[in-house]
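Same chain, two partners: chain A is paired with chain B first, then with chain C.
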Partner chain A sequence: MFKIKKNSLNKLYAAIAEAQTLYIPCNVNGKPNFAVWGEGADVDLASLKTVKSAKEVFFPQCEDIVSFKTKGKEITVIDCRKESEDFVVFGVRACDAKSFEILDKVFLSDPVDTFYKTKREHGTVITLACSRPEESCFCSAFGIDCAEPSGDVATYFSGEYLYWSPKTEKGLNLTNSLKNLLEIANDKDNLALENEQKNIREITKKLPLYGLDLSKWGADDLLEKFNSEKWQELSSACLGCGACTFVCPTCQCYDVRDFDKGNGVQRYRCWDSCMYNDFTMMAHGTPRPTQMQRFRQRFMHKLVYFPSNNGGEFSCVGCGRCVEKCPINMNIVKVIKAFGGEGK
Partner chain B sequence: MMNDMLIPVVGVVTDIRRDTPDVKTFRVVGLDGKKCFEHMPGQCAMLSIPGVSEAMFSITSSPTNTEYMEFSIKKCGCLTDWLHSIDVGQQVTVRGPYGNGFPVEEDLKGKNLIFIAGGIGLAPLRSVINYVRANRSNYGKVTIVYGSRSMDDLVDFEEIKNEWANEKDFNVHLTIDRPQEGWDGHVGFVPAYVKELNLNAADTVLLCGPPIMIKFTLAALIELGFNKTQVFTTMELRMKCGIGKCGRCNIGDKYVCKDGPVFRCDQLDEMPAEY
Partner chain C sequence: MKKVLDIMQKRAKQLLGEGIVNRVIGWKTGEFGYDQTPAVFTSAAELSSLVYDSFSAPNLSKYLIEETKKEGKALVFLKPCDTYSFNQLIKEHRIDREKVFVIGVECSGKVDINSLKSRGAVGVIGVEDNGEKVIAHTLYGDMEFAKDDVLLEKCRSCKGKQHMVFDELIIVNPVKEEKNDRFIGVDALDAMTPDERFEFWRGQLLKCIRCNACRNVCPACSCIKCVFDNQNSGVASKASPDTFEEQMYHVIRAFHVAGRCTDCGECTRVCPQDIPLHLLNRKLIKDMNAFYGEYQAGTDTDSRAPLTNYTKEDVEPNVISDKGGDK
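Here is the complex of A and B:
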């Protein structure tokens, strides 16, 4: 375990950014989001949740796939992938860190998505334990301990210090490169940190969504849940705006589109939402013509279909972003509860 | 750099055949004059015209054809309108193959096979039919029931008439929806025709067509004593990636592009009816 004074953090950012790109929550246009650090950046590690999740560093909202040149009847395919460079993402909360494991199951399963894989290989994840979990948080329902996040390096704020604990070889390498900025933590520090973590876990237990029970969910009773009449009422106010999918750290649906640049065609992929009516639209119609069906698809996928394909694991980490952002105040918690998953 | 399934190769359209007023069959080879890749019957490929769109099509040629791949495409949207306007020599992009295909080397081997198709639904089955012809001794008797709106809408009519109908132990039954001058064959919808045909309920069925035709034909087959475990069908949903990641063709815990497009009809009962 290492530590660094809070007021020296800018030196730490600068040292990391000297060798590789550093993504860190910054206030950009008044909102906290992961952004590339540079001198004078308005770093914001105090806000608990960035608006968009950290998945963006591995699965960008918009990403070029391949370019084409066309001339008459001829087409040339141009591989526009750039050589990947190492980068660090700092300040990832425990829930977002867990979402990477869920996205891994999608993008790293055969056949592998090489765009995602390359970024995963080149990225070092520095997590940050939550100091003040908020009322929309329910990560504990998915077995996540927000006081002890995973990652290549886990960090924790306590008193005057940021504590720094490397957890993987990647994390150790980064730590070694920053040795002259990090002090070694002593027994007193360890004790203070343990107390801090204990306090955080106590706060977690007092949160309104603590104890959310997911035992009614999982791979079983797929058709019974699908055919339930509850979906109609749950979805009745849904606007289909898709905000929940865009802030979600585990939503991974994407669209592939072509952009005619005038001197060539750029094929790119971008986040999409199963909440949209054209998501499944084909020439002869769509299999999900109603918002109820689209709403049901999103939650069935997270709570039933994904677990069915991934050993019972849910495609939700309880970050609570959708709980905060939904304009009609509907969310996954209400869906979980509607099927008997009452909080304790 | 690693190959990525999302990055296509270039193919050239070397032949375009007009099958019906709204269906054309496109022959595609790679720039080196060879097939772009190998596939199994029932598998699909992503075709695109850069700047227009990319979409999934079933490969209608048999893998035993060593020279080229063929796609029978109905004019019904943005990309297909474009494809119907191109001339021989036009290049397209191709990637694949995707999906599981029909179990030609497993469940279908040694069986009497009944192919039932409606309209453009013949496209994926044609690949299997020609595969069976090329490996004739591995399969039993073949019955083909194929229906379309009119005589002019029968896809691959020349091949059916001149080749399939003359194959040993092949029985071909054609039908059209309404009477038409110059047609002396059967008139009526496929599901009703299936009931008239004295099919052997011990045989294995491969079924493809519009959803409504599949629904009623399956009901007719059940009535004749067939079990859903004997009936294979192939599905079509919107797809973007082809590798089970973009989420578009997700039904229940299945992805049609990866776990399908071929499903046994009893498997469909375990999936949400959202297709």
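Here is the complex of A and C:
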């Protein structure tokens, strides 16, 4: 275990950024989002939730795949794939860190998504324990301990210090490169940290969504859930915007689009949303013509289909972003509860 | 507010019971006391979960587009600002007036939960509003705010407490009209140089995640198929492949709702990235007021809007370009 004074953190960021790109939550035009660190960046490690989740560093909202240049009848195909360079993402919360494991299941299974894979290989994840969990958080329902996040290095704020604990080889390598900035933590520090973690866990138990019960969900009863009358009412106010899907760390769907540049085409992929009416549009039309069906898809996928394909693992980490951002306050928690998953 | 809610519930039950309406459109509470969802109630029993308080912000007008396609009459509760949207939708033949029973409800301004949060109220598990003060109960202690400081943007620039349309009104404590200048923000932008203004908007729009919440919540955005969703339009996009596209979406939207936007403020309320979209709409409103005379969309259902009307007094195009329109 290492530690660094809070007021020396800028030096730490600078040291990391000297060797590789550093993504860290910053206030950009008034909102916390992951951004590339540079001198003078308005780092915001106090806000619990960035608007967009940390998945963006591995799976960007918009990513070029290939481009075509045309000149008369000639078409040149340009491969846009770049060999990714090493980077660090700092300040990832426990829920977002867990979301990477869920995305891995999708993008790293056969056929492997090489765009994602290179970024995963080159990225070092530094997590940050949540000192002040919020009312919309329910990561504990998925077995996540926000006081002990995973990652290559886990960090924790306590008192004057940020504590630093490498957890993987990547994390150790990074730690070694920063040795001159990090102090070794002593027994007293360890005790202080343990207390801090104990506090966090106590708060977690007081969260309004603590004890949210997922036992009614999973691979079983697929058809019974699918055909339930409840979806109609649950979805009736849904605007069919994509806010819930675009802020979600575990949403993984994307669309492939062509952007007409006048003298060619830029083919890119971008996040898609099952809430949209052209989602999975095919030659014959859309398989989900009503908003009820699209709404149902989002939650059935996260709570039934994904677990049935992935050994029971849900495709939600309880980050609560959708709970905070839905314009009409409909969300996964209300869905879970509507099917008998009452809280404590 | 409790009193108002009691009357709302009683009246809704009566109208349902008498068969004058067959459903009621209102708000339902959520997990934390501040997270209300628009909901349809079809029985007296269901109506016990109807709420109306400082967080009943969602504008219910747009839901009537779908609701009035159904059988029977719907009762809807509208705040003063929501009635402008309702009228505008009637004017655009989007809703069938015959199929709606409108009850106007008093409003003293709705509280912005994000404003409480950005002022340090972390872990909010309940909010009390006593008219002057708003007390946020949080996991980390209580916090108190002056209500005026934590109102939604749309309420800080309230258009007035009068309902433009209603069948009945529920007003227990008449709310005092307060003057405000909703164009202050636009004036500040107008005072900038074009480059500064461009930078401002670029900075704001760069945050956009293209979730479409602004468009989908907007009562003026009632196209059955939005051009940005139409694959054949050539401009359909779910994300912005470049900064031009990013800006285009917003500029096109602002122009398309120009003259029809009632300044209901829903777009700004729902934006997850806090982009001040109202400034775009108000810029157009301000200019239209200057060029074609004061006009407020949604005050009635039959007047002609400035951009769909022609009078000899209309401004000449060169006046617009003189204002920097060609920059």
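The criterion applied here is as follows: the second predicted complex is superposed on the first by the 336 of 344 C-alpha atoms of A that agree within 3 Å, B and C clash if a C-alpha of one lies under 4 Å from a C-alpha of the other, contacts with A are read in each partner's own complex, and residues count from 1 in each chain.
The definition used in the following text is that contacts are C-beta pairs under 8 Å (C-beta built on N, C-alpha and C of every residue); 3 or more make two chains touch, one makes a residue touch a chain.
Small disclaimer: the values here were computed from a predicted structure and weren't measured.
After superposition onto chain A, the modelled positions of chain B and chain C are compatible, with room for both. By the touch criterion stated above, A:33 is placed in contact with chain C alone, chain B being left untouched. Looking at the shared chain after the overlay, A:75 reaches chain B, while chain C stays out of its contact range. In the superposition on chain A, contact of A:281 is made with both chain B and chain C.
When both complexes are overlaid on chain A, the residue A:334 reaches chain C alone and has no touch with chain B. In the superposition on chain A, A:247 contacts chain C only, with no contact to chain B. Applying the stated contact rule after C-alpha superposition, one finds that A:132 touches chain C and leaves chain B untouched. In the superposition on chain A, A:272 contacts both chain B and chain C. In the superposition on chain A, A:297 contacts chain B only, with no contact to chain C.
In the superposed model, the angle subtended at the C-alpha centre of chain A by the C-alpha centres of chain B and chain C comes to 90 degrees, rounded to the nearest 10. When the two structures are aligned on the shared chain, A:260 is found in touch with chain B and with chain C. Taking all C-alpha atoms of chain B against all those of chain C in the superposed arrangement, the shortest distance found is 7 Å. Once both structures are placed on chain A, chain A residues 255, 260, 272, 281 are touched by chain B and, in the other complex, by chain C.
Contact residues of chain C toward chain A in the complex are 30-32, 35-40, 58, 63, 122-125, 138-140, 203-204, 206-207, 209-213, 215-217, 229, 231, 234, 236-242, 245, 266, 269-270, 272-274. Interface of chain A with chain B (complex): residues 65-66, 68, 70, 73-77, 79, 81, 106-107, 109, 111-115, 117-118, 219, 222-223, 226, 252-256, 258, 260, 265, 267, 269, 272, 274, 279-284, 286-288, 293, 297, 300-301, 304-305, 308-309. Looking at the complex, you find that chain B touches chain A at residues 1-10, 48, 50-54, 76-77, 80, 86-87, 89-93, 236-238, 240-241, 243-248, 250-253, 270, 272, 274-275. Interface residues of chain A facing chain C in the complex, by the touch rule stated above, are 28-31, 33, 48, 51-52, 61-62, 132-136, 203, 206-209, 233, 236-237, 239-243, 245-247, 255, 257, 259-260, 266, 268, 270-273, 276-278, 281, 323, 325, 327-330, 333-334.
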